[in-house]
């Protein structure tokens, strides 16, 4: 018999190193010889898109297209240490460093323009599309490339570095009082599943992912994280187990460690909620990990809704679900109690003994 | 050592190779085409997918010796002087790339499908790429990209 | 808000074209002249002493040199928090997969073959595979002279006993999250070579500067003499935070004066990098008749395996997040991180906060059912809002749109038929009318302007 059910889950995730660790990020914005921008920043690109969004932040400040901002993050000689690409920290922490460095660079570049254009002050100077000009007297104008050439003739390079340190407070080891993380990213996900009560097989038919992002710097990339996070969560809930026994990994091949394929994906409805975080670059928070966090519980709650049986140990593979269905049926049959049968949890705990 | 004659991306090659070499090894080694990736070596992940006489295959499961006289297309063979292949362009436009490691294989599986069936439905698309594992994207934008490529290819076909 | 030109735009990925045309170079795609190849001998037992017999392997075709612990020129350690990994184990292995020797030969095939000829004689020691067992008196010690219990997070807020006493329902359950892997598609691969007086290491990583520090310390060189190149990373998810082959490669290239390359097969990759911490969770929550959560007690045991990696931070994150995003006045949490002889656990997407909602979100549904409420209602009753205080005493001052998220979810899934509240249009653009049709009336992009 095929039974359908729906489940929801809320979650939260504190980004960054946390707990009072000096979570420090730094970025350098530099004027290239051709008038384009070099962004030297250790926001490692692991596929999540940091190499696309950091230039977007810089481009926004400088009024250029992000195509004109070239990010360097591959050679340790070419950029400063900006912490790890982990803990979903790059967008907020390093994004802030990029924002500050870009703003400081803008100030410095306007000052160079002031000197070059022989003006008293930077008041009224506009910067857009690699051009700097004074609207009240438009013949006073220059370009990024012109300034770069001028600097070069003087043997100078304009490179401005700035940093950002996140605010957290180490927790009291006895009470846990403190500020372990800031900011937190929240979400509310729901799933609809179909359970085959003959085989125990669970399929996720639909998903609704409502994701708090602060601000979506690049909606394509945010959606990509929601899609990817959901599918990783689906694998975590239903398929993945290394089968570690006596220290040996039984499932160390793709044939045995099952991850989702394109055949396993549900229809995913995505909702991006933008409630800006005031200390964040354009309000943006990290989302790389949050997008995975509520998935498994949303699926597990949906399974319960479908078949009235709760799975307490992951993954909810067909044999586990089937065992739980049978155990529940037997418990109900022997009319023990109306409350949840804890037999599955005990069995699960026994597996690892 | 054996002599192997095969056509890769439209070019004929004559190579001296060791008998046990897999097609993947010949592509990445003597031919220097590193776009085709190794992800598992056991035909499970599809990162090594190439098109062999019109069919998408896991090149880690094909002995090079089996390819005598055959036509192979790797990811490097898609872009022409006219630009990117519709599948490549569609992946670009639909934001379907993240870490990129599965991409060459994924694109070729999609191309092999569309070259045979230019208007697949969703299920046909998902089945065609079901042998290509991706851990980053969750596949959704890839399916959308393949649909886009299908539309472009149909339009071009109509214009002929 | 609408005047932003770059931020908020669907800008095409900068690195997509190279990846789509096969021109993006991952470390395994890089070949160098005069390069030699390495393969790692790894432990086959979870705990024990060992000795090596290299005689047959050294004579194997193409073998140039076999590196062991004695060849480590700096400190034979690495680790993201504790330096508890050995670059190459000196006399003891603590997990299946511990690196024991690095065999370098003219070709990869020769290195792999020679690896199999390295004879390892083991003297097995009693091993422990369960974190609760590992915490007991007399349990086998995974690291000599160190307690298996690495970290204990405590949260003590209010009075949970009173909270439970005041509760209309109290539910206690146990939940288990197993060993899980990142399975990034690109297996580990790297090269190292000399560039004048510097050693250059090319390997995919999440944190090149930290790798630089670890390599420099292990080889005993100044930081400035070590360069890390990180060309393209084929996925990470937390699995590329620990050193994999970087130090082996650096040692080999310095000793041999030739570029050295190594690539892992998928089976080896599964053993080489960290895992998600298995967590055994006991959760007890009490709620009032109206659904308000009154008390939460949790005990979390995290199995960090043979090496700490991010053990402390993961179980701390788990301990903080086990309350769920809910206001609870009385909270009592113990979260433990423990060594065992299992494969080592470290960072993986969610980092402790992914395991715990398997417990707390199922618990919310359990409580809702016991109280005759809906899953939506009980969450609406308790969720964090602006101004809420967490169990750690942190005030959430900004950007807490949980209620909005749940309302949107509810509308999307139910057409607003279950909406509790005034039916406020939270989307800002689309309709929020309750059609009851069950279809999504909410646009896919919802912007809440909190200005």
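To keep things simple, chains are lettered A, B and C as they appear, and every chain counts its residues starting from 1.
As a working rule, a contact is a pair of C-beta atoms (placed from the backbone, for glycine too) under 8 Å apart; a residue touches a chain by one contact, two chains touch by 3 or more.
Model, not experiment: these values are computed from the prediction.
Two chains share more touching C-beta pairs than any other pair, namely A-C. In this assembly, B is the chain whose CA centroid lies farthest from the centroid of subunit C.
Subunit C has its Cα centroid 32 Å from the Cα centroid of subunit B. Mean C-alpha positions place subunit A and subunit B at a centre distance of 30 Å. The centroid of the Cα atoms in subunit A and the matching centroid in subunit C are 14 Å apart.
Residues of subunit C in contact with two or more other chains: 10, 12-13, 15, 183, 232-237, 266. Multi-chain contact residues of subunit A (touching two or more other chains): 46-47, 49, 220-221, 229, 232, 253-254, 259.
Shared contact sites, meaning residues of subunit B that touch two or more other chains, fall at 40, 42, 45, 95, 98-100, 133-136. Considering their complex, residues 40, 42, 44-45, 95, 98-100, 125-127, 129-143 of subunit B touch subunit A. The residues of subunit A lying in touch with subunit B in their complex are 46-49, 220-221, 223-224, 226-232, 253-255, 259, 261-263, 265, 268. Listing the residues of subunit C that touch subunit A in their complex gives 4-15, 45-47, 95-97, 127, 129-130, 153-157, 173-181, 183, 205-210, 212, 226-238, 240-241, 266-267, 270-271, 275, 278, 280, 313, 316-317, 319-321, 324-325, 333, 341-343, 347, 349-351, 353-354, 357-358, 360-362, 364-366, 375-376, 379, 383-384, 391-394, 396, 398-402, 404-406, 408-409, 412-413, 440, 442, 444-451. For subunit B in complex with subunit C, the touching residues are 28, 32-42, 45, 47, 74-76, 78-79, 84, 88, 91-93, 95, 97-104, 107, 133-136. Of all residues in subunit C, those touching subunit B in their complex are 10, 12-13, 15-26, 28-29, 31, 182-187, 232-237, 263, 265-266.
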